[in-house]
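The same subunit A turns up in both complexes below, where it pairs with subunit B and then with subunit C.
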Partner chain A sequence: MAVAEDPQALKPVAVDGQAEPTRLMRVLLARTVVWVFLVEVILVVVFGILSPGHVFWTAGSFRDLAVDGAEVVLLAAAVTFLLGAGELDISLGANIILSSVVGGRVMGAITATSTNILQQGTYHHVLLGILTGLVVCIATGATLGAVNGFVVTRMHVNSFITTLGTLGIATGVAQILSNGADLASIPNALQLQFGVRSLAGVFPYPALLAAVLICGLWALVTFTRFGLHTLSLGSSREAARRAGLKVDRHLMTLFIGVGAFGGLIGFIDLARFATTNIGGHQTDALEAIAGAVIGGTSMFGGRVSIFGAVIGAMLAVILNAGLVIVGVQSFYQLIVVGVVLILAVFIDQRRQRIL
Partner chain B sequence: MWKRNWAKVGALVGAVGIAALVAGAAIGASGDHAAKQLYIAGVSPLTADPSLAPTSCGAAAEAKKLGVRWTWGGPSGPDIPKELSYLNSRLLLKPDGVLLLPLSPTAFVAPVRGLMRKGVPVALTDGTLQPSVQYRSYQSDFSSAGKMVSSAVLRMNGRTGTVGVVAFGPDKVLDRVRWEPAAKLLKAHDGITVLPTEYSNADAVKSASIASAMMQAHPDLKVIIATNGPESSGVASAVLAAGKKGKVKIVAFDAPAPVIKGIQDGTIAFTISQSPYVKGMQALRALVAYIKAHGSHARAVKPASPQIVPVPTKMITKANLTTRAARLYIDSADCNFFN
Partner chain C sequence: MSPSGLAERVPAIAVKGAVKRYGHVQALRGASLEVYPGEIVALYGDNGAGKSTLMKVMLGVVPPDSGSISIAGREVDMTSIRESQDRGVDAVHQDLALPPDLTVLESMFLGHEVMRTGLLGRLGVLDRTAMADASREALERLGIRLTTVRIPVKSLSGGQRQAVAVARAVMWTSTALLMDEPTAALGARQSDIVCDTIVSTAARGLGVLVISHDLPRTLAIAHRVVVLVRGAVAFDGPAHGLSVPEIVEIMVGHLRDSMGGSSNGGS
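Let's look at the complex of A and B:
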């Protein structure tokens, strides 16, 4: 059965003479996302206590968490749609790199005044270049998504294998286009006015953009026919087909949409670093999928939670930042992150069995 | 009638063809005769990568000066079989010497050993072979970099405060030689605290996250050492986002375009850079000197002593950025940049 987050379910309703708070508590505790959120609250409390001068509880620390997590939570929220439909996309990290390289090259071609490395820093047509770069990033990501969608729906290749293949292809194309070197012809204005800037000094713009888009995705899956169709594909593809859904067309739209989000994240990358990040994003797709699953989305389709994906993806972000702040050595960080992730899912599964 | 004409035309074309072949052979022979010009083949992966391409620029400039024929090529990506295949195809042209940037320390041992036995010296720039069978190897010398970094850091932070390190990975030996000597020297000063090294695996996003956390936990953090380009970009983004440009100084390594941009706009204090250009120049010079002294394809080549030649690194700051000396240490795929 297709299940999306239902805001009505959160309303405290008195049933059989039960007290409202008890009912609310039961509804809340039945949700995976609440448990993962509780784990995160505990982590924030522990890191706050252990951090020097309790700096983990400062506004600056939360601002850093927001900006550091912006890309992965957006990716997790987007990939939730594909998971909901019973599909995967593990090429998203390569998508981000390729989109940023193509968008960055176009941006540089429009704005940079010289190809000489020592004459960087002077730009013209900055706004035009940035907007064109944004469109090109999104278009590149959507194109890669379309390729994935085409292979999955027309050539009937499993989405895992398809996106494993396009992961390599996109990485290779990005390497060819960039000669393996990060681009630097990105106007500084993009970084200074958006990438590292915060609204009122507290809300980083990349995180705000991610928040707005995540709310949009939540509304899309919760209130629209598109969301319902997506979940029905994951619940029973055959039933969806018999019910008259244009399954292939819907899947194609999903792959293109998720690809476009990858492209947008490529643009955010350019904005944050004023360069590409060719060596990075190797595990982004897996982190996003893991975040979505931890947050309550089913790997096999039919059940999604957009906010769960966000909270699930933030778990690793909080852990990574907290462990650096409290001074746990790098080698141990990997172990701790792995253990906490497994524990979080284990506790949730055990709870579900008990319920 | 037309048949006779066609026969004449055929005979004419045949005669012209034979004449051309004979002339071509004669020219070829005279070319071979005159080809006492030495030929050095350069083989490298990622030939258009701005951090490797200067090797060819340096070698080409030296080859021009010495009157030597020089070619440069290889796979566009980090592909060991393709680099081996490219090397083998180049060897068919019988080069007098080979300049190699090996992607693997083991895969190139057999062909290099074979070449050396046939009297073809092989010089390496970057990379190593195990066992070390090449004629000579030109490696960036980071031993002095530690002193350069520690002295500059002490000067910048007034001999007090905390220093952070964001490196590539704990298993990367070539990365470790960049930060470890500086960290050791800095730890010897009472007023300086060096934080445990954090690793980001060349990911700017992770580097930014680490740098943000470091700044939160240590308000007295004055310097962050970033050992590669992506680490520098990530740390710079975090410093800018925290509004600490100038307060937290960034020390970088290497000189790709984003790092140069950071130095220009003041986000990065300085970088310690190696020079593939100088390495290419020196390697080609050594190969030519050997061949001139011992002859081409003569007896088996023995490894030189010393076999490893350290090539100094250089500190690049905003003040010396545009000098000719600093230019030789900047990554650029455009050889005109170095003129």
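Let's look at the complex of A and C:
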């Protein structure tokens, strides 16, 4: 397609010399994520057929999918920024737990004093408590992100090791703060008005919030200087430095930002379940990273796909829900996602070599 | 051809007494050089003589152990790449400093992005159309025509990448342009265009420093020649009247005298 008219001028090497497949075929061939999406459509069809009374095809079932997926999908979209810059954060699951514990405690302290809860079973200052809790959740996540960013940029410890360390640290702190027991004093208004509610009875609020934020993240990486700098950091750190970018400052911003998203997801978790989930979330960060990579984001930086991350992360969600509905152990989900992850990266690498 | 009255003028960029040690290897031993506005200085030296290190020191990419750098007569912070860029110094590096995943237009404008006007610009939204047009023009001036500048740098040939790096540096320089082997990946015709670009850049009143192994081509356009031997300046004089064999003699002769014929050392 791109051939210079001047015979002396250099020709792009990547685009000529190959038979032109149709446009649709090229899109299909070029993107593993398209295959993953097709697999998901097939799964929805198959689960629908197999489920008792085709219950998998009902609006309620799709709503559950959206709510179940909201957290991990949003996390996948957020962690895509770090992957794009060539970094990792595997502490995000612990971040969600710690943020929800800290935010939940603050929320409880404001709304549920011993007198009003024990004597009247009601909450005080509900709105103030919930909003403060939201801010505290995000701030806790951002703080953990700042710790990660500090260790990576100032102490020059690899981000995998750094976040492996803070994964343990944050989990331990959350256990200490909560005495290992899930918090119960979360105002139920949070759950009733947001966590389990749907806009017009159709669009669940947590999923709606995630969708809006994901679109924002997509716009950020696609259209803005911030997104360009993020990708340049992952594509060639040294080139970015020589271009005069403030590499460490940008990395710090990324860790803090992604950490803040972890905190927000901690808040969404509180809203959905009206309690913390100290025992859960262990695999959230890895699921998010796997989703992003299945969706076409490079582990080595420079290349990202926000919506690819969404599709990649939804695979596990659909499998989980579908397997439960058709009465198969959901553990098979782990196996399928693992196989798809490896296949996706394998196919992607082969395609890169062919190009 | 040589600009007259250089002595009274302020150098576009000058480095004084640069010393850089990498462990046991002394890459620079007090090297000094100046590049005056409108002047083309060819920096020669054998492999490991310290040419690239000296250039990186001048750019703030590699902080020296000691020494000083001034741009247009004012001393600069030697650890700040940004500062030298803000003062109009840019470079073509030997190991090409273009992020391979960015598109041609993105890598040409990285660090100098054009933003949209109004609210979108304040939100950090890029004006890719404006950058694409300017990139295409800058590349055409170097004789490179791509039908699209929206393809990743990694899909370009080595020569094209080199041309993009040269075009990028020329675009952002307003005081001094430093080039490390700018013709290394290029064919004869492209090399000539790059040399023409160097001449026209100097004619705009910029100082140009060129590191090259292509002695005949660069000697033909240089006003002054500086030869680096084992991290120190062994020769600094007008290019006029110098021949390639004479320069080679300086480059390797000193090595023969001092080291018994073999060369080793820093980058």
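Convention: the second predicted complex is superposed on the first by the 295 of 355 C-alpha atoms of A that agree within 3 Å, B and C clash if a C-alpha of one lies under 4 Å from a C-alpha of the other, contacts with A are read in each partner's own complex, and residues count from 1 in each chain.
FYI, a residue touches a chain if its C-beta (ideal position, glycine included) is under 8 Å from a C-beta of that chain, and two chains touch if they have at least 3 such contacts.
These numbers come from a predicted model, not from an experiment.
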item: First (subunit B), second (subunit C), both or neither touched by A:Gly180; value: first
item: First (subunit B), second (subunit C), both or neither touched by A:Arg225; value: second
item: Winner by number of subunit A residues touched, once subunit B and subunit C are compared; value: B
item: Touched partner set for A:Gln329, first subunit B, second subunit C, both or neither; value: first
item: Touched partner set for A:Met155, first subunit B, second subunit C, both or neither; value: neither
item: Touched partner set for A:Ala243, first subunit B, second subunit C, both or neither; value: second
item: Subunit C-contacting residues of subunit A that also contact subunit B; value: none
item: List of subunit B residues in touch with subunit A within their complex; value: 46, 48-51, 76-78, 170, 195-199, 201-206, 208-210, 212-214, 216-219, 229-230, 233-234, 236-238, 240-243, 256-258, 260-261, 264-265, 321-322, 327, 330-334, 337
item: Of all residues in subunit A, those that touch subunit C in their complex; value: 1-6, 8-15, 223-226, 228-229, 231-232, 234-236, 238-246, 298, 301-303, 355
item: Of subunit A, residues touching subunit B in the complex; value: 51-53, 55-56, 58, 60-61, 63-64, 67-68, 71, 115-118, 120-121, 172, 175-176, 179-185, 188, 191-192, 195-198, 201, 204, 269, 272-275, 277-282, 317, 320-322, 324-327, 329-331
item: Residue ranges of subunit C in contact with subunit A within the complex; value: 59, 61, 81-82, 85, 91, 93, 97-102, 106-107, 110-111, 113, 115, 123-126, 143-148, 151, 155-157, 159-160, 163, 189-190
